[in-house]
Amino acid sequence: MIKAGIIGGAGYTAGELTRILVNHPQVALDFIYSTSSAGKPVYAIHQDLVGETEITFSSKVNTNVDVVFLCLGHGNSKKFLEETEFSKSTKIIDLSTDFRKTEPSHSFIYGLPELNRRKIESAEFIANPGCFATAINLALLPLAYAGLLKEDVHVNAVTGATGAGTSFSGFTHFAWRDNNFSSYKAFEHQHLSEIGQSVLQLQENFDHKINFIPNRGNFSRGIHCTTYTSFEGELEDAVGIYKMFYANAAFTHVVEEELHLKQVVNTNKCLVRVQKFDDKILITTVLDNLLKGASGQAVQNMNLMFGLEESTGLKLKANYF
Amino acid sequence: MIKAGIIGGAGYTAGELTRILVNHPQVALDFIYSTSSAGKPVYAIHQDLVGETEITFSSKVNTNVDVVFLCLGHGNSKKFLEETEFSKSTKIIDLSTDFRKTEPSHSFIYGLPELNRRKIESAEFIANPGCFATAINLALLPLAYAGLLKEDVHVNAVTGATGAGTSFSGFTHFAWRDNNFSSYKAFEHQHLSEIGQSVLQLQENFDHKINFIPNRGNFSRGIHCTTYTSFEGELEDAVGIYKMFYANAAFTHVVEEELHLKQVVNTNKCLVRVQKFDDKILITTVLDNLLKGASGQAVQNMNLMFGLEESTGLKLKANYF
Amino acid sequence: MIKAGIIGGAGYTAGELTRILVNHPQVALDFIYSTSSAGKPVYAIHQDLVGETEITFSSKVNTNVDVVFLCLGHGNSKKFLEETEFSKSTKIIDLSTDFRKTEPSHSFIYGLPELNRRKIESAEFIANPGCFATAINLALLPLAYAGLLKEDVHVNAVTGATGAGTSFSGFTHFAWRDNNFSSYKAFEHQHLSEIGQSVLQLQENFDHKINFIPNRGNFSRGIHCTTYTSFEGELEDAVGIYKMFYANAAFTHVVEEELHLKQVVNTNKCLVRVQKFDDKILITTVLDNLLKGASGQAVQNMNLMFGLEESTGLKLKANYF
Amino acid sequence: MIKAGIIGGAGYTAGELTRILVNHPQVALDFIYSTSSAGKPVYAIHQDLVGETEITFSSKVNTNVDVVFLCLGHGNSKKFLEETEFSKSTKIIDLSTDFRKTEPSHSFIYGLPELNRRKIESAEFIANPGCFATAINLALLPLAYAGLLKEDVHVNAVTGATGAGTSFSGFTHFAWRDNNFSSYKAFEHQHLSEIGQSVLQLQENFDHKINFIPNRGNFSRGIHCTTYTSFEGELEDAVGIYKMFYANAAFTHVVEEELHLKQVVNTNKCLVRVQKFDDKILITTVLDNLLKGASGQAVQNMNLMFGLEESTGLKLKANYF
C-alpha cells in the first residue's frame, strides 16, 4: 500500500483527493494536515464523508510517507517545501501554480499525462496542471503536435463556482451567482502561461496569440471550453489527428456527437469534439475542474508514478443529473 | 410628492425598496443613508439600477422627510431611533423585528394590511412583518377570524438564499447551496411569536401549537409554505371563509388551481390555495420574501398611511421564468 | 388609449407582452388570440397573472385594433398575414424572423431603435429583432457607425432556457439542463444574417467574418455576450464612440464597471461595457432575451410608433436575485 | 462473475444501474434490453458512459442470466413477467411498484435491507422500494421497532426533477422548474401504502395517520425529508434506539450534526438525524432518489442475494458540490 499524506486539508481539492483516496485500493491515507481544522474528524468539513472514514485532521506532517499532495494556496507550496523536509523517497504532487512553469530552479514535471506520460512515470515531483489549462491544452496539443497551429487561437470557457475556491466573495454568494453569468480576466488569465509552455513543447515555432475569455457559470463543477483557429485540411484529417494523439489516453476521449458538460461532471474524463466550418477547426472540451482539472489528475499522476494502472481508483460514477 | 428616506441602504431590503421607490409616481427619494457606502452611487451596490437613478448613498440623515424606512439589522432600529430624532410629522416604517411585538413601551402598529388595514391608515409608526410570518399568517388568519383553529397547526416552509441576508456564511456559498436543501431552527424560528400574536388578535381562545419547520431552498427569492390543521366543514365552507376574508385585499388572492412559487416572484402578491383532505384543511401560500415579505409590504403600508391607492408603484411585472 | 391585440398568446413572448401591456398606461389590451387556449383565462397559461387581469384567450381576431403583435412561430407570420386582413390603420409588430431581412417584397422596418429610431417612428410594420441579434448588434453598431470594423469579429454568447421556446426537448428538460452547459449551431446561427445586414447599413465596406458561438446556459432568462475584434485607438476613443452612439438611447447604457447578467434580467435594458487589451477591443453586452430581446423591444417600438415617451410601461423592476 | 441483465434500459434507473454495474467487480453486464434504442450504443442515451463501455442496447432478452433488473414503468413489470419466462435460477429485482405490496399472489420480498436483510439474502424475487418510501421508512422504522409510534406522524419531503422520470411535462421544463418550488399529491402519495405496510411489520398496533406532503424541488437528484411525531423519552433514548437499529446498516448512518442533501447525492447512503423538541421527536433523512431510493438499493439487494459484501460496487464518490 502507498502511504499518502495531504497538506492543506480543508479546501475543495483536498476534499476531492480525500474522497478518491479513501476508496483507492492501493492507498492508505496516512494523514491530512490542516492547521485550521486539526483534531476534527474529516467529515466535520467534508460532510459527505460521514460513514466513509473516521480519519481526523492532523496538526503534524509525517515526512516519511510515499507520496504527499500539496493542496495549498498559490504561492504557499514553495514556502511550505522550504520549511518542511520530506524523506528522499517521498514523491510530491503540488496542486498549486508554484512549479508549473518549467525552470532550472526546480525539477517539477508538468503533470499532464497526455503530454508528459513518460516523464511523469519516473518523476519525483509533479506540478499538477490548472483546470482551465488542462481544458485548453487538451484542445490544442494534438494540433501543436502536428505542427498545425498557424494563426491566432480563440478560446472561450466557463467554469463553476468551485473554480473560485472555498473563500467567500461577492461572486460566490448564492443570491448573486444563481441564474447569473459573467466574464472576468479576459485575455489575462494566469493559466495562459502554462498553456503557452505546453504548446511550445510540441510546436516550437508557434508564435501566435491565444485569446482566452474565461466566464463564471451558475453551476458548481465543471469547465466547458470552445477553441477555434484556422485549419486547412478536411474534418477527417483533424479527427484523425486527435484520435491518434489520444489513442492511449486513459481519460481523454474524442467523440463525434454533440457534447455537454454533465457527461463528465464527477469523473476524471475529458471529452473532446472536433468540428470543421469553412476554414476553421472548432474543438470543444469538457471536464470536471476539481477532478481532471485538479485532484483526479493528481491521483492519475500518482498512479503513473507508482507504476499502477492509470485508472486505479478513478473509475468514478458520473453524477450526470 | 412624498419625501422618503432609507436608513441602511446596502442590504437586500433597502435595495428592493429603492427599486420600487425610483419608479413610484408619488415618491421623491430624498436620501439613502449608508455609512459603509456613503458617497458611492447607489448603482455601485445595487448594480441593476444603472441607468435608473443617479442618487448616491448619503452619510447624512434628513430628519424632516415625510417617511423613513429603517432597513437595519435586528436590534439596531431601536438603537438608531434612540440616537436620531425625526420630525414629529415623519412616519417611520421599520423592517426589523424590533417593534413587531405589540407592547405598552411603543406605539408601532404591526403592518400586515390584511389584518390591520384601518390601524395602518392612521399609524405613525409601522413594524413591518417578517417574511415567514407573513406567509404563515396569511394562511391562518381567515381560520382564526372564523374561530376555527381547534387543534395543532403544522407548517413547513422553504425560503430562498436572500432570506439569509447579504452576509456570507457556509449556507450562502453557491457551491454549498446549489442543488441543495436543508432544514434549520425547527420548532424554534423567531417568527413564531409574531404569528402567535396575530392569531390571538383574531381568535382569543387559540391555545394550540404551531409546529413550524423552516427550510433553505436552492433558489434566491420566495417562500413556499404549506400549513394544515383539522377542519370539520366542507371544502366550499373553507374556500368561502378565505375568499371573504381576502375580498378586499389588494395583493392576496385565493386561487383554486395548483400553485407554484414563481407565480409571485418579483411581485407583491401572496397567492393562497385551500384544499380539504378527510378531516384536514391544507393551505398553501406563496410570496416573494423580499417584496410581500419585506420591502413591497413596506411600500404597501406607506401607501395606506398616506391615503394613496394601495397598489401605487407596486404593479410589478413578475419575473416568472 | 391604444387598442392592442396579440396573435399567438400561449408562448413566452406573448406572455411577456401581456405582462407588460396589462400595466401599460396608454394601452387597452383588446384581445389575445390563441386557438389552443381559446376561452381560458389568460392566467390559466401565464399563471402569474392571477389577480392582474380577467381577460380570456380569444378565438377571434379584431382586425380594427390600433396595433397587433404577432407572436407566432418563425414562418407563420407571413402565412397569417396572407390569410388575415387588418384595417389600413392597424400597425403590425412581428416578433418572428419572417420580415427581418429587408427586401423589396415587404415594407417592414427592422425594429432596433438604436439603429432605426426615425424610421420606426413613422413605420406601419415592424420586424422585431432576434435576441442574439440585438445583443450582438448593440456590441458592433457603434464601431460600424465609426467605420472601424476592420477585421474578423469573434462573438461568444450564452442564452437561457426560455430562448428555446416553450416546447419540450432534451435540451429543456430540467434534469438535463440543471448545472449543465453546451454549445450549438457554432458559426451557423440563423441570426447572423440580420446582424450582417445591420452592420452593413452603417459600414458599407464591411467584408469580414462574424464568428459566433452560441451556448445554452443553465438559467432561464437572459443573454450574456462577449464580442472582440481588432481596434487601433485608445480605450477612451472607444468608450467615447459608444457613449456618443448611445447618448439618446432609452435602454442601452455604457458602463465602465464589470458587468453581470442579472443586472438586466426582467428589464428592457441592454448594458454595454467596452475594454481594450493590446490591439483588441472587447465589448460585453447583457440583456433579457424575452424583453430587450423580444417583447420589451416590441413595446418600445410601439411607443415610438405612437409618439409616446419611449420608456412608457417599460420601467420594470429588475428581479436581480 | 454474476451475469446481469437490465430490462427497459433508456430510463433514469436503468442508466444509474448501468453506471454502477459497469464498475461492479463481481458483475458482467450481459444485456440491456430496450425496444426504443435497440442497436444503439448505451452511451448514445446515457452519454456520460462514453469511454466506459461499448455495450449496445439489445432487442433480445437472455432468460438465463443470474439476475435481471426490471426498470419498467409502473404496471409493466407484471405484464413483462407474464410474457417472459426466465430460467428457474434467475433472480429478479423489480424497481416498479408492481410487487411492493406483499400479497399471497406473489413471492416478492420488499427489498429494504434495513428491514428485511435476512429475507433478502435468501430471496429469489425482490420488489425494490420507492424513493420517498425509503426516506420515510428509514425515519420511522426504529421507532416502530421500539413500539413507540403513538400518535399521528407528520412528514414533509422534497424530491428532485429525476423523481418525475425522463418524460416531459410542464413540471420538468427547465424554464418552469428553475428557481421554483411546489407541492403535489398532498396526503395522497402512492408510496403511503408501502410505508404503512413496513411500519405495521414492526409495530402491529400502529393505527395512526401518516400525513405526507411531497414537494417538487429545483434540483435534479435527492430527497430531503423531515418527519415528526410525539415522543415521551429523552433525546438520548431516541438516538440510542436509532443507533442500535442501524448499527449494522451498510449505508444508513445516524449523525448528530445538521444535515443537508448534498452529503448523500450520488451515493447509496441515507443519513438520519434525530432531534427532540418538547414532546416531539424530529427525524431528518436524506438520500439520493436514484441510488438509495432506486438503483443503488437494487444493487445492494443483489449483493445480499448473492452473498457478496453488501457495499460491493457501491462505494461511490459523492458529487457534493
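Each chain gets a letter, A, B, C and D, in the order it is written, and its residues are counted from 1.
Following the convention adopted for this analysis, a residue touches a chain if its C-beta (ideal position, glycine included) is under 8 Å from a C-beta of that chain, and two chains touch if they have at least 3 such contacts.
Because the structure is a prediction, the values reported are computed rather than measured.
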Two candidates, B-C and C-D; the one with more touching C-beta pairs is B-C
Would you indicate which option in A-B, B-D or A-D repeats the interface seen between A-C, with over half of the contact pairs matching by residue number?
-> B-D
Roughly how many whole angstrom separate the Cα centroids of subunit B and subunit D?
-> 39
Approximately how many whole Å separate the CA-defined centres of subunit C and subunit D?
-> 46
Separation of subunit B from subunit C, taking each centre as the mean of its C-alpha atoms, in whole Å = 34
For subunit B, jot down the residues that touch at least 2 other chains.
-> 12, 160-162, 175-176, 178-179, 218-221, 260, 262, 265, 321
Which of the residues in subunit D end up touching subunit C in this complex?
-> 12, 160-162, 166, 168, 172-179, 218-220
Would you pull the subunit C residues touching subunit B in the complex into a rising list?
-> 12, 15, 19-20, 23, 44, 46-52, 160-162, 178-179, 220-221, 251, 253, 255, 257, 260, 262-267, 269, 271, 290, 315-321
Residues of subunit A defined as touching subunit C within the complex = 154, 156, 158, 160, 175-176, 178-184, 186-188, 211, 213, 215, 217-222, 224, 226, 228, 258-262, 265, 275, 277-278, 280, 282, 284, 321
